[in-house]
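Below, chain A partners chain B and then partners chain C, in two separate complexes.
The block that comes next holds the complex of A and B.
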């Protein structure tokens, strides 16, 4: 049975979620295609600067004569892989921190949560700009920066989920009967907390894509790698919107960011809605 | 979205008397402020890439003799021991003397004082419009969750929430600035002449950008807060008692549902100033966000610290304001939880 059929049968995603999943699958397919392009794709000069769309060059070329369509495709791979790695890493950190702060020793939970509180007071975008400006723009640096800055919100969320699940009747009974921690976690708590990891993952991926694009747009991205945000940075620097070139130069990368984030948001909200059965029958 | 309330700082109320409650909160804020001040001092110094890089290119720096370097360093206080720098910094903060910008020699306080009103104008206007539209649409979307209109609103909100700010700003510039040529696209006034009409005209596109991209989140938040209250026991009980729907919504649903919305709105105001960096870049708006970005790009430590300080204090202040005004809206909080 296909994954799609399973998802429909278990009603994990509604129509809305399926639309999002389809959209995401299409973008992932494009990104995978981009991986098989030669290294020079989107980086090498292939045409006259500012070329208009023509055969073999569907989206024209930029100010250095680079293929804009190739930049778009290569950018998809970078954006998605960054987002998914960051999301996986952040979800893992959040699960560990949230778990420790929820049921760990009290001496550990208080400092962890106060640390999260302090992080939440500092404006995120400023932290990102600071880190990008000082620490550099290589792929793994960006991944590390994002994971370090994005962990507090999901950690708080997962902590409250752990606390709620811990006070559920059957978990209290299991613990009262002397079940060891690993058993309670694996056999009982994981069924309550596990599904919550999906929206946490999806939301973190969304934020990673938006922040990465924003930083690249501000000129803090990696200039040697094509990316959606970097393409839009050159749009801004060259004042592209003064000519007709905005149509094939500025619109596609922005639309790509919007569609990717939208696909993730559709999946995320529909999973969240399904997780809250109390709302299902209310009209 | 359903768990957002629990992740919100500032809305937890202890079961204590109101005086000891406020004292406790005050102490907490003082602590956060102290940590922020220290981080603010430490952060730029801990990061690689020193201020010396600012003085021209590396070759020019290499040509400086050791004495010249020492002189520049001592002039700006970089040569002193760290604790001395910290004390100077603290003293400066409390006397509003934040030093001079390394980039253009202006006093930092003056640079911030010029930029801050523009950002407050921009952020203030957009938050009022966003709040009015977002909250009323959110209430509508929550009440009509099952009907076509509610579902359509939700889909629209999710879509708006996905658009990157800078891209929307660019598209607005293309349509209204270049194609139709009806609205100005950069700065705050025409050729330095500041008039109310001119400033308002320059404000339209940045405000629209902030509003359109900010409304989706507020809509979804209001909606989920409303849904949580709609399924709560007091509301179900009132419904069972036969309270008419209009009265039910006004008295039993709206008031409790909008409490967390009030908190998040206050917090948003604090964060928006920092978030306006992007919009201020797209529209060349001379606000605090742009100032901060330029300071970071130029490794301008004093200016960087000054702008961070203002941004952080704004967040803490709005946090405190949200806490202080909460009991005015929620009678349950007035007694501090003790009956």
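The block that comes next holds the complex of A and C.
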């Protein structure tokens, strides 16, 4: 059983996807460790300001003498939980909107999809900045803003998936046998649409991490809570790039963002490659 | 130029797709390589073109003149110039954005040939103004002719055509084959359609499960006396002549990974004896032909089961449709699919709904299934109005209609076991749990399946078995009407008659009204009691199968019948 499970997992992810999954697992483990650190971790003054890396302070300290390594670890938890909550919310909204636009009542499809089109033509980053500036910077406000702005792309994708699955033979047979809608959706359509939610989720999580870091970097995050983007904001405010400190102050959060996005991208593209027959490589 | 293939073998890893096959294409000859899906014919053709995937290995020899093709790595200057490829489905093979003339000139330039576009167009029997046309302005048959002209641009010595008539109607198929024959170039045509090729081929090679089953001149092969498999293929192609009978070969072709011992056809062969299961037969020459059968030339005639005719009269009408019109609307245009149809089907009766694509036959089938509500007209199912029913009452009516979908590879949930699939209508209807298993078993045996399959997934079944699971699924709720939408069209020729036999037996045994939708008038003539011919949304012909096949009233029906007479 376990070898079979491993084999299926390998078939689903491939080598590339497994590397991504391993990387993400490591980052999640660090984030979980961060949750168990005391509340003061990364927030309290523990050393002289601008301290260089030394024993007990591997990445030195910032302008207020706060431990930079602890900021990095605590920030991982905040960035990841925000990304996953946003991804789950967005996938849910996209599934409902896409499903309603695909097979919902007549006359609902056009308004929903035109609404999605309007959202798509608006510049996302500017929307984020405006919303964050006016609505506030708390964790849940940022989650809500992102879920509201990120749903159009996946909902278009899921609408087409619903429409495709609706024309599949076994769904037509199920409808012809007099099965109610919830049965056709739960028993038949879910089998086709379900696997598509994985790449939707992963890609949304990826975009959420980037946008969250961007907002924090611009000073629109919560400056009192450690996060990767906030650390980069202080890097910029203090002109760290003029000294050697960029090496232990700016590079680690930047690398953390890059690695997380890379891990999610590896998982997302390899799952998508395997699920989308048009991308399958036959050679 | 002459092509000589000797002991050609194609392997994919451990699987042998083509097993020591020899064949000859003489100077200017047209040779038909015939067999069902998975018999190795396409692998053989691709090995001659160097188009096999990299995982395949080729051994043996294939000499074109003095050029060895088998196992060759370097194909530059051969494909197109020495060997021309006539592609399958010219619908997608031509560039949609270039005129025919410039596509021809491109080919001529690539192959540095001295051919002239106008002369090529003349040669394939098209008018010169085709040169300035785009592919979408041509019919399917004309496009296939253009594809042949493109192949001729490189002035090849040998043509290899893979199912060159797929997607064309019966009348155009004949014209394209006659054209290929008239070119006078050595040609190997790969096809599943033995009867369609017999009038045009010089030589016929029949393959079965990777081996050559029979080879000989077309005239000899056509005489119904050779290899049991060839005889089976001939009888399994339904003729529009009701006297001819429509047979089927029991069972299904073996998978490559699990070939039977001895003669590979023995498990399905009506004249097989012990020796057939033990010893693999070599090609035995008898006269001009030779066949791989222990009893080749012994005069034994294999008898295949024929699709039975209906004997009982139709009972009370089960489904009524009167004055049905249906219009599909999209933003830019409306399409009238049905323009006033009156139709009924009685208990125990099989009614054939015949027409080409776009005739409205599938729309009518979906109206009977309650999937589409007609724009106008009244549909009744055992006295109740199906057209106006909605919600719960519509679903209750739908449970009285069974549906056999066209595509057996898409109509069964891939993640459910056969037992669950067949029981689904009972679960949906909330039927009593205790009786379920018995009803599933009864439905499976009516559909001609054994209970061993209950735990299998659809992916582990053959096409014919899958279609039988579909029939069992349609029967399990004890319906009064069964709608079979092109139920045989995606199956191998040899198993089609078996499905029709099963439909007949459920109509007789269960007193079921059956609507058999098909584009093949031969199938309808052979298996139905009454035939309704649809054209552009109207009924053009209506009568008993015997009457329609012997004296069609409408010229369109007559043309259809003539094209499938053999």
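Note that the second predicted complex is superposed on the first by the 268 of 283 C-alpha atoms of A that agree within 3 Å, B and C clash if a C-alpha of one lies under 4 Å from a C-alpha of the other, contacts with A are read in each partner's own complex, and residues count from 1 in each chain.
Keep in mind that, in the parts below, contacts are C-beta pairs under 8 Å (C-beta built on N, C-alpha and C of every residue); 3 or more make two chains touch, one makes a residue touch a chain.
These numbers were taken from a predicted model, which means no experiment stands behind them.
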*Looking at the overlay, what does A:156 touch: chain B (first), chain C (second), both, or neither?*
first
- request: Pick one for A:188: touches chain B only (first), chain C only (second), both, or neither.
  value: second
Checklist entry - Given the touch rule stated above, what does A:135 touch, chain B (first), chain C (second), both, or neither? => result first
Q) So, does A:173 touch the first partner chain B, the second partner chain C, both, or neither? A) second
Of chain B and chain C, the partner touching more residues of chain A is B
Overlap of the chain B and chain C interfaces on chain A comprises residues 282-283
In the complex, chain B touches chain A at residues 1-3, 6-7, 9, 32, 35-36, 39, 43-44, 47-49, 145-146, 154-155, 158-159, 161-167, 170-171, 173-174, 177-178, 220, 227, 230-231, 271, 273-275, 277-278, 281-282, 292-293, 296-297, 308, 311-312, 315-316, 319
In the complex, chain A touches chain C at residues 168-170, 172-180, 183, 187-188, 191, 282-283
In their shared complex, chain B is touched by residues of chain A numbered 16, 117-118, 120-126, 129-130, 133-135, 153, 156-157, 160-161, 196, 206, 210, 213-214, 217-218, 232, 235-236, 241-242, 246, 250-251, 253-254, 257-259, 261-262, 265-266, 269, 272, 275-276, 278-279, 282-283
Per the touch rule above, chain C residues touching chain A in the complex are 53-54, 369-371, 394-399, 401, 403, 405-407, 409-415, 424-425, 428-429, 470, 473, 477
